[in-house]
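A short worksheet on the structure shown next.
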Amino acid sequence: MPGNSFGELFRITTWGESHGGAVGVVIDGCPPRLKLSEALIQRDLDRRKPGQNELTTERAESDAVQILSGVFQGKTLGTPISLLVWNEDARSEDYLGFSRMFRPGHADYTYEQKYGVRNWQGGGRASARETVGRVAAGAIAKLILQKEKISILAYTKSVGRIEAAVNPATVTREAIDKNLVRCPVQAKAREMEKLITTIKAKGDSIGGIVECVIRGCPVGLGEPVFDKLSADLAKACLSIPATKGFEIGDGFASTRLYGSNHNDPFQATRGKITTKTNHAGGILGGISSGQDIILRIAFKPTSTIGLRQQTVTTAGKNTMIEARGRHDPCVLPRAVPVVEAMVAITLSDHLLRYKAQCL
Amino acid sequence: MPGNSFGELFRITTWGESHGGAVGVVIDGCPPRLKLSEALIQRDLDRRKPGQNELTTERAESDAVQILSGVFQGKTLGTPISLLVWNEDARSEDYLGFSRMFRPGHADYTYEQKYGVRNWQGGGRASARETVGRVAAGAIAKLILQKEKISILAYTKSVGRIEAAVNPATVTREAIDKNLVRCPVQAKAREMEKLITTIKAKGDSIGGIVECVIRGCPVGLGEPVFDKLSADLAKACLSIPATKGFEIGDGFASTRLYGSNHNDPFQATRGKITTKTNHAGGILGGISSGQDIILRIAFKPTSTIGLRQQTVTTAGKNTMIEARGRHDPCVLPRAVPVVEAMVAITLSDHLLRYKAQCL
Amino acid sequence: MPGNSFGELFRITTWGESHGGAVGVVIDGCPPRLKLSEALIQRDLDRRKPGQNELTTERAESDAVQILSGVFQGKTLGTPISLLVWNEDARSEDYLGFSRMFRPGHADYTYEQKYGVRNWQGGGRASARETVGRVAAGAIAKLILQKEKISILAYTKSVGRIEAAVNPATVTREAIDKNLVRCPVQAKAREMEKLITTIKAKGDSIGGIVECVIRGCPVGLGEPVFDKLSADLAKACLSIPATKGFEIGDGFASTRLYGSNHNDPFQATRGKITTKTNHAGGILGGISSGQDIILRIAFKPTSTIGLRQQTVTTAGKNTMIEARGRHDPCVLPRAVPVVEAMVAITLSDHLLRYKAQCL
Amino acid sequence: MPGNSFGELFRITTWGESHGGAVGVVIDGCPPRLKLSEALIQRDLDRRKPGQNELTTERAESDAVQILSGVFQGKTLGTPISLLVWNEDARSEDYLGFSRMFRPGHADYTYEQKYGVRNWQGGGRASARETVGRVAAGAIAKLILQKEKISILAYTKSVGRIEAAVNPATVTREAIDKNLVRCPVQAKAREMEKLITTIKAKGDSIGGIVECVIRGCPVGLGEPVFDKLSADLAKACLSIPATKGFEIGDGFASTRLYGSNHNDPFQATRGKITTKTNHAGGILGGISSGQDIILRIAFKPTSTIGLRQQTVTTAGKNTMIEARGRHDPCVLPRAVPVVEAMVAITLSDHLLRYKAQCL
């Protein structure tokens, strides 16, 4: 199957280039009779949109979403939901110089080689603008999860070497949205903001880690063997632009533990089975265990920088490149809602799969 | 779709429980006219099989593979290839006591809750014995890759805190297979072996990291957006039992870099375009760039340990458990061929997808 | 997977309700570098569009297609192509009375029961307006087939009891498009037109058969077992609204033949292998044989009629209904391009699948 | 996806060649906790097996099924069910002469051209022996349907020109299985048997029609647009070897009706909504309506005949061929359980899909 769809039963297909006419998404398989409005989707899109503040790209997009199908009198019909956002502030002339050279760190070279053709305006299909569709679809996925009292919170855990100590069990949306970097530890957030501002002034960029906690997930989501919940979450998150790593629970740190301190002992308290610790991060054998699911995603520094870099032309000649085009010096603040969306879509899909086979 | 298949065009479906009659795999979509024999598959299975040496479980399985379909006069037919391995040394009586309690770190609890029924013998479907099918299918995938001169090498990078400094560009199969832990740095390998032996004596277990390098991969594999090569490799690897993390290129370390030192500059040398560095790990925008693809997978310590642990019974009572059942004190040595197999299957699939759309 | 996508490698997803804002389609997996314009797609849409002449519904839609993504400087990019057609002449007030009763022969009742909600305006998602997306996608599929010199011609074979004797081997697009019913035998076409006009005056409707011939199809398309080319063509065609039957080659007539007169003898003429007869209709064992592929689809009489009919209300009371809403007295003329589109999409998909596995 | 799997949520993958070691099927997605035994599957397999009586091929296969996975203590586990049947009476020497020529009506030529290699023993993968896996999987699908009180009955409706007038609403399994051709009208059945016997003596073969009725199907199965229940049933049935046509409800006869006599009026009787007639055959807009679902499948005469036929060699020379190899002079009697199986698999799949989205 071609690679622009995600999910088996709750299935999304995104489309659109950065500087094409519009970007959008079709959601197929959404349960009927959910209350859905453009305003509800817009709320999530506004958290992702560019130009929010001085830490993000200046590209000014209202990102106003239109529902073109699948909703009638405020309710989902069970038929495909088509959502569209027009591209407004596309400045293609910024990219004219890049039609004949490959920006380092970007997908220019690999697209050109793969397809023999490439929309060089603003990164084309490889632009993070594609994530508009993911976030819009994620807003609908969250409606499904809400009915089961499953909630998702993502936040910036680190920027560069600045890392916040966050307790996933108690973190709140309020604390996360109190600052521009979306880090729930306010003091650390201020440090991160300062770092990003400095980096930006230099024309450079920086990476970081997003952490995400899923609360209220029932036991039983995820399928043994290939479609483990952890494996599907990994794919979901590593399909986000600029990602380079994924961990669940203790992740790479678990490789340095002994079984005797990594295994989470089961305990029964008034009939309810939980684990005393949560090294596993809420998933056992690929299936949710009822504990909080905790995962982390590594984002590399933004590829677009203002500094001179060595590269080659499409004709294969060595040259120097200096980036123009508006961009984020650090993708973390705007990546947070994208991670939430992809996690929500993955969980909704597995929820429907669980209902199909086991209920 | 149910979760026991992997791949779109080169598609495998594994089946079998640890102590059921047999385990196996059906491979659909394999190109016709490839030379294939049981001996060729056996070579890879023998690297995975239990009881190889004192570092692995004592379960004695010959793991002799039978080709039941899809091959005629030594050549693949293009029709499904069915492979079967009988379970010989299943000692179900070892697990009798576990039918009524949940082993910590295992999938006993989540399977029971999800399905309302569970084969408690040797972990049932959640057993790593399921990976027999993956390794057998991987041997066939490698045939497809060989024709394109793509090679895959996985090895043990670390066990606990012992980490080997390996150069992925020059590592050899010979160096990897020279010792029992499959670490190409012999001195480190000896340390690892010693650690595992010590851990085993204590009835405990330990984790580690497998690194994998793919050489000779052409530019163009992987699809933009959801089916990025990196995302599909992540899913492939995190579907392996006991995995908790995945990295590509610099992975989590890239979060601490600046764009100016993370971006890999392009360079043209006699018409050939390469990158000066390889922080990206051979994938740009989800598509292979022609550079070596480098990835790392975190394996947790084996869940089965010989020590007493707290747990609950299926009736929801607190109790203590002491594991029996033969097991590996460290899964790394036998995980190496499983990683290679999953990577080979993923690449073969993307190679066929590339041919379909772009050639 | 939800039911609004079709195809594995050349994959289309349609969306939109009859009286929603718009209808559209996303095409994923299209090969790159094909010359594509809105004008090219419009040509096929104009053959399907309503209000063409007095035999079709008076709904006046310009059906002007917009390409929103996937095309750059006149060429396909290999990324998803999003096509959109706005609904202009939706007269929802015609349907107000039907919000509380079920039109016989329509999907009102089954949608209401399945989803617990229904867009009762113009049939909602069940409207034949959905086929706009299919025809638009079909125009692109034909580009792929043209490169391989595969051509598709569909035509009206019968309306009611009036049947035309057509030779599929020699029929031309010119003869088909010479009249309003799209029947290549002009004398029969006139009879059919007269019948439809009479039926329409009575407020009634009539069915008929569309025949389709595929010429130039190479040997080898179609997969053994479940995805036989014939099985996939059957699904493609029976997914078109108002269809009730499908035949390939001699179809139901073959059940009355003996093997000795149904089997098509092979013959070699100057190195080229053909069959002397073509009872099989161009497919053997589910795989194209290189002979013309010939299929027929049965369309029932249009469900919307102007006569009084017995039905029930959504509250479950018996009542009488008199249809309003503009409609075609016979779907055949406009079904012809839809059949062509679905056949083109199916073949393109199998062409890419063939390339992936066998080339 | 390669073509040897069927179904989305209840998904089967068959494998095996006629004269390979074995044939089998893997069923993925089966709900857990269903009572399942080899005896239950065998009952259906025995209705399909060769050598049942003088009307069928003499090939003597016990077709004893083995459950290799997915069942524990008599219950399904929710994990893949692997079923295997060994090939016992394969007489490959019968086919030696055919390795270098193409049997008319068979898939020899198309397989050879597509794959460049072919198992010429007994038809290889194209043999109807592949349907063993379908019937075995169908037995499990029926378990799922039984819980919802959905039942399926298929029977021989015609052989050649001998057609039985059957009332689908009242037909019984007892009447169907009272004779060798599985036609519920006993007098017609005797005529059919006589015809088949005569045809067989001449070395010729004959076709016929299987009709199938599904009773007790709830409203709501089937998805709008592409995965209409009718479209998926068509694909399911036309994937069976030797099929050439498919009809639902009035099928091709509906093309000669007016809307006013084809539309089925709705009626409410004590709160229950039904239709007065059932021209639609139980499906409206692709979704089951709660009425009996009625379909018919056209089977061509068996391709293998004992008479001399013209053909070509693999080297492209004209020649004559005289078939050997044991075969059925008429596939209808053994096709009946295969149709039932495919219909059961399709319905089970749609039942699970319905649960996932709408419950």
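We just call them A, B, C and D in the order they show up, numbering each chain from 1.
Operating definition for what follows: a residue touches a chain if its C-beta (ideal position, glycine included) is under 8 Å from a C-beta of that chain, and two chains touch if they have at least 3 such contacts.
For clarity, every value in this text was computed on a predicted model and none was experimentally measured.
Using CA-based centroids throughout, the chain positioned farthest away from chain D is A.
Should one ask which of B-C and A-C has more C-beta pairs in contact, the pair is A-C. A straight line joining the Cα centres of chain A and chain B is 26 Å long.
Separation between the centroids of chain B and chain C, computed from CA atoms only, is 46 Å.
Centre to centre, using the average C-alpha position, chain A and chain C are separated by 39 Å.
Of all residues in chain A, those that touch two or more other chains are 1-5, 8-9, 14, 29, 32, 78-79, 114-116, 125, 224, 357-358. By the touch criterion given at the top, residues 1-5, 8-9, 11, 13-17, 20-24, 26, 28-29, 32-33, 66-70, 72, 75-82, 84, 114-119, 124-125 of chain A touch chain C in their complex. Of all residues in chain A, only 1, 8-9, 29-32, 78-79, 224, 352-353, 355-359 touch chain D in the complex they form. If you check the complex, the residues on chain D that touch chain C are 1-6, 8, 14, 102, 104-107, 109-111, 113-116, 125-126, 130, 158, 160-161, 199, 204-209, 219-220, 222-228, 230-232, 234-236, 238-239, 241, 243-252, 254-260, 262-268, 271, 273, 275-276, 279-281, 284-290, 298-305, 307, 309-312, 316-318, 354, 357-358.
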